[in-house]
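Got some structures for you, see below.
Each of the next two complexes has subunit A plus one other chain: subunit B in the first, subunit C in the second.
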Partner chain A sequence: MYFLHLFILALLALFSGIILVGISRKISARIHWRYGPPLLQPLIDVIKLFSQNSISHGFFFDFGIILTLVGSFILIFFIPVSNLYVMNSGGLIAVIYIMLLSPFGLAISAAAGANPNASIGITRKFLLSFAYEIPLLLILLSVMTHYNTISLVKIVDMQVDSGWSFGSGTLILSGISYLLILPAILGIRPFEVVNASQEISSGPLTEFGGKHLAFASIQHSLHTYAVLALFVDLFLGGSSLFGLLKPISSTIWGSLIGILVFLVKVAVLMIFCLFINAVFPRYRIDQAMKYIWKWPLLTAFVGLLIVSLLN
Partner chain B sequence: MDRNQIGKWFKNPSKMANKYSLHAIYFCTGCGIIEIPPSITTRWDAERFGIIPVATPRQANLFMITGYVSTKTLKAIIRTYEQMPEPKYTVAFGSCPINGGMYYDSYNTIKCLDKFIPVDGYIAGCMPRPEAVFIGVTHLWKLIDMDKANGYKKYRENYPFYRANQEQLFGDLDWPPLFPKENTNG
Partner chain C sequence: MNLILILIISFGGAILTYLAGKISSKLRDILAVIISSGLFFYISSLFGTHFETKLWLNFLGFPLLLRLNQLAWIFTLVISLIGALAVIFSLSYIRGKEKTDYYYLMILTVNAAMMAIVLAGDLITFFIFWEIMSWTTFLMICYKKGPALKAGMKYIVMSIFGSMAMLIGILTIYTAFDTVVISELITKFASASPGFTLFTMIMFFIGFGVKNAIVPFHTWLPYAHAEAPSPFSSILSGVLIKIGVYGFILVLYVMVGVYKSLQLSSWLTGIKYTLSIIAAFTIVIPTLIAILQDDAKKLLAWSTIGQAGYIFLGLAFGTSLGLAGGMLHFFNHAFFKALLFLVVGAVEFRTNGIRDLNSLGGLSKKMPFTFIAALIGVAGLIGIPITNGFVSKWLIYKTLIIEHSPFLAFAALFGTWGTILYCYKFLHSIFLGQLPEKLKSVKRSPVNMRIPFFVLSVGIILFGILPGIPLRVINEIIVSTGLERLNISLWGLVSDTGILNTLNIFIAIVITGLIASFIFKLARRSRYVDQDDNYAAGAYVPKDKYNFSVDFYAPFYRMFENYLKDFFDILYDKIARTTEYLCDNIRKIYNGYVGNYVMYILIFLGILVFVQLKWSVF
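Up next, the complex of A and B:
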């Protein structure tokens, strides 16, 4: 049972990550009044990149990119989808911890590549991480305090009975704060500072070609899926459809429909972020940090105060 | 995607993926680069062919030589071409890489680019319009299908020829040979 859940969750994350990146390129193209690539274009890119003979810069160059991919890959096993989950112990605390493995791996690779553009990119990546981690910690603290648990599975189960967190009066400010920092965590405009291709020739990915770039692309899709799935689990009720699925929730059909509902919610959230991505230019890194440490941090702090006062 | 192409995907996925995902290095050679931004932006969309510009040669697949090649640019072109991972394709735009074009009697331009780096195909024009660029892309797909777009293999096999031409033009090159010759000591 454990291995079945592992297998299905991994396949689901890989497939929906690729489709999400494909949807983002297609919708950005349609907003620009052009046609855009086919939906499976990221898959074609990854297949091509695997067939190229890439140049390696030594052991740490290869090791760093594997660490990045593993960091994002392990994260998806902590995020439950309908009633599939692999790891329950550790819950949100483990999620906070593992989310920082990917930037570390990328830093090791960028250091081994010895390209000055890569070091500028990694500096920006860590600065942005330190900027959005603080509101994120406050948001997760408010959710943990409200539901009195650190287990994501229990949080999803409690939302089936008591309604979506986003709709409840106590957690709405935390939800709004998460929506405000979501573009920063995803790395889309206006917070596309890390992989800015025009300014620093794609930042940390400068020396990546072939296999390394393929792993970096897969990591990007998995990271997108994991961040959106975390929001859906915490604030949008996971895979519950207003309690309609409770009678069939332990059957196969219930699981399948739950997965479908989950993916629809993730897709809607992605499209919301894409609309923001289409109209904004890029912030400088100091403007990005100043923005994230003003309103999102304030909203998350007030949300935490409300939750701790009402409990 | 056509249904009759699905079999080709399973037989040789890397060849089909190399066709439909050409990442072009955004290297602006000469005056011909003026026709590339219209091709990759909204009006004539190149992304539906799978072509996107990337920032570094390490991530690139396709090298577009647009316009004339002066001797100073040729050094940068050779260094960029050698950094790209294989398989890689080169397409030359305009009449200048073919025979010197408008600058046929200049002391500073390269008249025949094929002696220095291998070129897979030429797109005639001065400069070719975006429609001609896309027809050229479909021709490149056909060449890749027939395994005839093997400029990178020619570079690997005949490297002493290319290196000799480069050294004759520049004197001493300050980078070592890409494919060092194996000494066959008896």
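Up next, the complex of A and C:
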């Protein structure tokens, strides 16, 4: 049963990650009045990339890119989907830390070559994540303080019983703050500073080709999925649907519908981010940091203040 | 007898090594390694034992006591381990330099003194060895002369300030209780008045705070760590400043037993929050300052202050979980910080003393073992899962969340993200990016340097996967201080509010890693190209010109440069300069004129007569 969960969760994340990237390309294209590539184009690209030639700058170049993928892959086992969850060890704090693995791996891999563009991209990545992690940590802490647990599974369960935390009043400011920094976490415009292709020729990804790029693309889609799924679990009650699924929650149909509801929520969130992505230009890195440390940080801070005062 | 044996071996061994150096340098090297590693093995064999011995000499009528318990054992073990590894590392690091015998004498004496402090059973013994440690450390910091002398001076002035505060504390205790034996003080403190306890605690905290580099007593540390020889920096950062942690545990948990009575008396909660807020500042500000550093060792030194804040934060909370987190972080920090300082030492050794991050780069291919060691050390420092730093930080965060202090938890987590920034800067500026032309001929680190790398790296990973090994010992310490026993398994922690299973995470990483590398191998083989063969969107990347290291986090620097200064250091410097200026002016009254001196005497007598006539005091 455990391995079945593991397997389903992995497949679900891979599949929905790729579809999400596909949807995003399609929707962006429609906003730009283009036709856009087919929905499964990201998958086709990955398969194509695996058969292409690639270059390597040595052991750490390969090691880093594998570590990147591993980091994102493990992350999805920590994020419960409907009744499915594999790991609860360490709770949300462990999730925060697991999220470190993949940027760290990417950083090692990218800088193992001597390309200055890659190094610049990596420093931007760390600076941007430093910027958005500050409100993000406040947000996560307010959720953990509100529910008085560090376990993500328990947080989701409590929301199934008592309604979404986004609608609960106490956590609404934290939720809004998360929404404000969501584009930064996903690395899309207006925060597309890391891979700024016109400026530093796609930054950390510059030296990647063939299987390296394929790994980076899979990692990107997994990361997109994980970040959105985390929001859904924290604020949109996981797979709960206003208590409608409660009577059938223990049956197999209940879990299947639950997964579907979960994925729909993820997709809606993604589309929301895409609308922002499609119309905004790109910030400079310092502008991005200043923005994040203004409104999102303020809302997150006030959110945590409210939560800690109410407790 | 066992404890006296440790003292004899450690102190006697230091002198013996010095004398052996006069005969032959080879004999001295062998002796130093045998003594330091012998001590480690001997101490590890004493696991679980309890001893109490009296030294045969007295000091001013005070008997000198030694005792060994779990708390002392874990500290001596770490001290002897890091000491032995630093000595092994020194073999090639210090070879051919001047005053080598003196170097070994000092490094072994510092180790011996630290062990004696931890083993001390009364405060007089504690203080004597504390002073021996402080002074030998001073001599060791000044070893390189030049700027090192100034760093040493800064250290010793603050250290004396701290010791004097501690001496006042000890004297107060003696006059009040008529005893300085720690085991007797436990019962005495139980009935002491809050004001008295608070006063002695503050006195001790100043003493320990200076050693442990708690803000605002931290200003000596960056200079001292940067200027000391690298193997000694690893001792300084890994264990020496943790003697302050030992002191805190001794005062807070053993002697005063504050947290036993925490529930009873509310005035102590004020102290608890004051300490935690100081700790939070100690985490946040030094971490941000570390990001601005361009000197590899100064960066690590600021990071040490920040990490000391974590330990302190854990200890200040006084719950089982917090004490476990603090203790474990002390244990872990010794591993990864010692390793990182040794890494800098190896780089310094092979590049003829360069530790400026702006002029290094791309050494990962030239020094692969050192790079792997640095990678593991940095991972531990950040606290990436399956390294030991993760577990201890997890325990500390969990304490803070469970105790409803989300803002302190935020400070701690914020520190971690700052840590990532400077850690990556450290890693990138030394080992990644372009290799400067002048470093083309750098050789691999010598074998004796790889031994400490290996031992410490294995420790970091092993205690990250199986944190139960050190936690079991720490659990005994927790129980001995009267706190609740934690539910610990070999791979983590079980409790109602969240479990930790590091083995689980490890297996997941290994399996996904294996699958990913299998797919990676299965895919088309990639062509190996030189590091400098790069794609830059049609532009040419000149070799040796575009090493991205100066102004590494430029936007960050621009934002913070003006605010992130060590204001305390500036303040102390100002005080020092003002005092110097004042004294200089006072000196001017001695101008060599006898007539003037007669005038001073007459003026003084005149004042006396005036005072007598007016108020008739005499």
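We take it that the second predicted complex is superposed on the first by the 311 of 311 C-alpha atoms of A that agree within 3 Å, B and C clash if a C-alpha of one lies under 4 Å from a C-alpha of the other, contacts with A are read in each partner's own complex, and residues count from 1 in each chain.
Note that contacts are C-beta pairs under 8 Å (C-beta built on N, C-alpha and C of every residue); 3 or more make two chains touch, one makes a residue touch a chain.
As the structure is a prediction and not an experimental result, all values here were calculated from the model.
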Combined model on subunit A where subunit B meets subunit C, clash or fit: fit
Contacts of A:Leu171 with subunit B and subunit C, given as first, second, both or neither: neither
Subunit B versus subunit C as contact partner of A:Gly210, first or second or both or neither: both
Touched partner set for A:Asn311, first subunit B, second subunit C, both or neither: second
Subunit B versus subunit C as contact partner of A:Ser201, first or second or both or neither: both
Contacts of A:Ser51 with subunit B and subunit C, given as first, second, both or neither: both
After the two structures are overlaid on chain A, angle v-u-w for subunit B, subunit A, subunit C in degrees (C-alpha centres, nearest 10): 110
Which of subunit B and subunit C A:Met87 touches, first, second, both or neither: second
Touched partner set for A:Ala107, first subunit B, second subunit C, both or neither: second
Superposition-derived comparison: subunit B or subunit C, residues of subunit A touched: C
Partner chain(s) touched by A:Pro38 [first = subunit B, second = subunit C, both, neither]: first
Which of subunit B and subunit C A:Ser129 touches, first, second, both or neither: second
Gap in Å between nearest CA atoms once subunit C and subunit B share a frame through chain A: 5
Contact residues of subunit A, present in both the subunit B and the subunit C interface: 50-55, 201, 206-207, 210
In the complex with subunit A, residue positions of subunit B that touch it: 1, 13-14, 16-18, 20-21, 23, 42-43, 45, 47-48, 50, 54-56, 58-59, 61, 83-87
Residue ranges of subunit A touching subunit B (in the complex, touch as defined): 25, 29, 32-38, 41, 44-45, 47-48, 50-55, 197-198, 201-202, 205-210, 213
Subunit A to subunit C touching residues, read off their complex: 50-60, 62, 65-67, 69-70, 73-74, 77, 87-91, 93-94, 96-98, 100-101, 104, 107-108, 111-117, 119-120, 122-123, 126-127, 129-130, 133-134, 137-138, 141-142, 144-145, 148-151, 201, 206-207, 210-212, 214-215, 285-286, 289-290, 304, 307-308, 311
List of subunit C residues in touch with subunit A within their complex: 362, 364-365, 368, 371, 375, 379, 382-385, 390, 394, 397-398, 401, 404, 406-407, 409-410, 413-414, 417-418, 420-421, 424, 427-428, 432-435, 492, 497-502, 504-505, 508-509, 512-513, 516-517, 520, 523-524, 526-537, 541, 543, 546-548, 552-553, 555-556, 558-559
